[in-house]
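This structure is in structure tokens; I'll ask about it shortly.
All chains are identified by letter, namely A, B and C, in their written order; residue positions are counted from 1 within each chain.
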Amino acid sequence: MHFAFSPDEVIRIVQPREVRGAAAGTIRGIASLAAARAGDLSFLGNAKYRAEVAATAAAIVLLPAGHAGEPPPGQCWLLVDNPSLALARVCARIEHSLWPKPAPGVHPSAVVHSEAVVDPSATVGPLCVVEAGAQIGARSHLQGQVWVGRAASVGADCWLMPGVRITAECVVKNRVRLQAGAIIGSDGFGYEFVAGRHEKIPQIGNVVLEDDVEIGAGTTIDRARFSSTVVGEGSKIDNLVQIAHNVVIGKHCIVCAQTGISGSTTLEDFVILGGQVGTVGHITLGKGARVGAKSGVNESLAPGAYVRGTPARPFVFEQRLTALRQRLPELFQRVATLEKAAGAKPPAPEAP
Amino acid sequence: MHFAFSPDEVIRIVQPREVRGAAAGTIRGIASLAAARAGDLSFLGNAKYRAEVAATAAAIVLLPAGHAGEPPPGQCWLLVDNPSLALARVCARIEHSLWPKPAPGVHPSAVVHSEAVVDPSATVGPLCVVEAGAQIGARSHLQGQVWVGRAASVGADCWLMPGVRITAECVVKNRVRLQAGAIIGSDGFGYEFVAGRHEKIPQIGNVVLEDDVEIGAGTTIDRARFSSTVVGEGSKIDNLVQIAHNVVIGKHCIVCAQTGISGSTTLEDFVILGGQVGTVGHITLGKGARVGAKSGVNESLAPGAYVRGTPARPFVFEQRLTALRQRLPELFQRVATLEKAAGAKPPAPEAP
Amino acid sequence: MHFAFSPDEVIRIVQPREVRGAAAGTIRGIASLAAARAGDLSFLGNAKYRAEVAATAAAIVLLPAGHAGEPPPGQCWLLVDNPSLALARVCARIEHSLWPKPAPGVHPSAVVHSEAVVDPSATVGPLCVVEAGAQIGARSHLQGQVWVGRAASVGADCWLMPGVRITAECVVKNRVRLQAGAIIGSDGFGYEFVAGRHEKIPQIGNVVLEDDVEIGAGTTIDRARFSSTVVGEGSKIDNLVQIAHNVVIGKHCIVCAQTGISGSTTLEDFVILGGQVGTVGHITLGKGARVGAKSGVNESLAPGAYVRGTPARPFVFEQRLTALRQRLPELFQRVATLEKAAGAKPPAPEAP
């Protein structure tokens, strides 16, 4: 990661409420407060590290507005509303320099069908395939070894990383980012059991990814039986997630890694699912519902619900059950003591 | 999804027991009863939607034999044994028109070794690799960016979707469908711990997929240590499933998404595993056994067993345990009441 | 799997402590004691199969030093310290003959940037992409359809199987083996919630895989927010594992299939995680800690800890809780009996 910013460039990006002190030289690295060296940018993202500010060797420190004190000579403090977000904006600039988008055009090794339509401002990298009837929008970037199937469409300003597959008829709208190996439009998993065999139910719908969606590496999203499997505007899906056919995910949801959402389930807007969650099919998770990691959701959730466990139950109740389960040895002992006092016959011993 | 069927074509595909009414015009869409518009085909797949039949605007409705009443003018009812299956057969026809198999032959961008044997009726799409000694059978379709390794074989009428990898020596029989990104023949995960390091146990067996198997997107199937990892005839494996080395899956099994089967475990015929299930290695799940979603199976199951939970226990027993666990707060209270009545010393308070 | 060894070659590989009897002919197969036929090599890897030694038809049997008795005519026993390891070393030789490494050089269909540096002894297979600034070390083998991104580096003697993706700036050291479809360097999953939307936190760090690491098929390893996500020397990661940004895995760890490790968590050396485990972020699993399959780890573990369950608790305690949970029906009954004896009012009946 080689980059260089002048302190003035950092200030222009961050737009701080206040600048204290001044940094000399060039910013060439980003590090935590404790690890930072001269020439680094650092930040206070979590109040528990506040004591580390005094000792940091960073050249520039992003701090929350209202942070007291003054920097030592040669260090610059930028006071901002949200240091973590300010850092993100600096990093976004670095990201552009790390992954410079190649010039528009189609790499000679790519296989683009004569009936596909690639915007002249788009970049189709090495060894991509774009099939008949597919469309690639303005400034979108197919990085390499990407597959865009028959009559699929990719909107403007999308980034499809190596090995992404979008199958026939699927729709990817604008500013969508697909991590390496994401698979959009695999068949839904549906069979009829007929005469002792599983006969396939064809899956002739598609997948629609709305604006500003991000899909993680290796995640699979199945096409609908008919109609569409949908991921709503601004929703972010992590790696190795499975989204089954006819699922509808609302706007601005978060789905963490290795979670699976069964067929025809709906997530309303702003739902958050932790990692390794599973849901049954044909339920609705209400607006803003949250599910703790590794939970199994077997019924619909009200808007704003916060649940965990398998089967998932309200968070505080589940915490209580978890605590009581750990006291089962004590409870068995207490019951035995009561029985002894009452002169009851003890239960049969446990099977070995 | 653009398609057009005349009502007569639908009748020819569905072969109904009885036709009531008549539809005019062309069928151009498929939709649920409630969503259907003029020109759509709909169906009653689940009795709980029966009341929606009367109000549907669909041009043709697939209904179970014995459904009472008459369609309104311009609507046609087709009475069949299994409306869902009948719909599947219509959709299969649509699927063929959505994904027309390209003409036989090897795309010029594919890399086929001179010592590979590709049947003249097979299609090898763009940017595929077929290595030395590999065989591709009649009418099989390698869609694109597929890898078929050294001395691997693919039978007749298979469909390998974009990014499928079949590694050396693996055997794929006939009418097998591999979803995008499926990996057949990764190394089994085995090491000997020697002198403070994990020394690899080479995995020199292969994977065999028998006739009519389907493997989901991103699923990984490991090659055997020696001999074969096997998926039996007609079994269907969903997305992101992990099948370890030396697993043997019988005929007509169903394995749902994100399930993992550990090494050397055997599934007999007709076993069904829900999503996110895990099994330990070296056990046998008897014929027709069923395991609920998210369960952990740590011992062999008798034929016909139906289990869930971690560790998995008989379904009804596990349901009972789940219900009783939710009554733990009440039980602790009841014991405390008994203790108070008996004048017992209360237990030490919970640790904070 | 076609191979042939003379008995003398097997002896040279295995270096037995003692040879009893003699085998005629050529070794052409490997099988379990029960399945072995003439011409096969077999082994006693687990004492519970000891009785099968007498009846095996194998030509050569690998046995633990000290095994009593004599082979029948035409059979050869090789007595070794660790029969399973001895077999592994024979299999390693077979593996070389199954997957002969192609001659050095770049396949004409590969796309190697003019500013990439490929060692003349390395092999870059068909349809690989090696981007500007990337380096491929001595004798390394990119099998095919592999992506090595901008300024990434691969050391010596690595094996990257079909469809592996290594993204920009990532570092793969020496003797690393990456199974098909592994993704090294996907973006970490981090967002700031700003004005009702999730704003991406750019991920500008990288991934470092140290010497002798192995990564499973379809596994995803996220690049750090800044600095590095690290997998330490000799650690082995199974299929479909998710390793989040800024995770640091020590030396000689084992992580089984479908496990997920959340961001910024540290595994010290020799940690072992079973399959389908999940850990929260920002914790440390001490040296040699072990976690049973399907567990959820929500706090740091002491060195040598052995835990299971969700939340993960000491193994023996969790086994006890599991057993007691299965006795809940009995416990509720016992409490009801006590209540009846005490003349207490019974609790309200369960909701239906």
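Going forward, a contact is a pair of C-beta atoms (placed from the backbone, for glycine too) under 8 Å apart; a residue touches a chain by one contact, two chains touch by 3 or more.
Note that the coordinates shown come from a computational prediction; the quantities given were computed from them, not determined experimentally.
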Specify the contact topology among the chains shown, as one of line, ring, star, complete or other. complete
Self-contact between copies chain B and chain C, residue sets same or different by half: different
So what's the Cα centroid distance for chain B and chain C, whole Å? 25
Pull out every residue in chain B that's touching 2 or more other chains. 109, 127, 145, 163, 181, 218, 240, 258, 276, 325, 331, 335, 338, 342
Where on chain A is chain C touching in the complex? 1, 30-31, 35, 82, 84-85, 87-88, 91-92, 94-95, 98-99, 107, 109, 125-127, 144-145, 161-163, 177, 179-181, 212, 214, 216-218, 234, 236, 238-240, 252, 254, 256-258, 275-276, 293-294, 322, 325-326, 328-329, 331-332, 335, 338-339, 342, 344, 347, 350
Of chain A, residues touching chain B in the complex: 109, 111, 127, 129, 145, 147, 149-150, 163, 165, 167-169, 181, 183, 185-187, 189, 191-192, 194, 196-206, 218, 220, 222, 225-227, 240, 242, 244, 258, 260, 262, 276, 278, 280, 296, 310-311, 313, 320-321, 323-325, 327, 330-331, 334-335, 337-338, 341-342
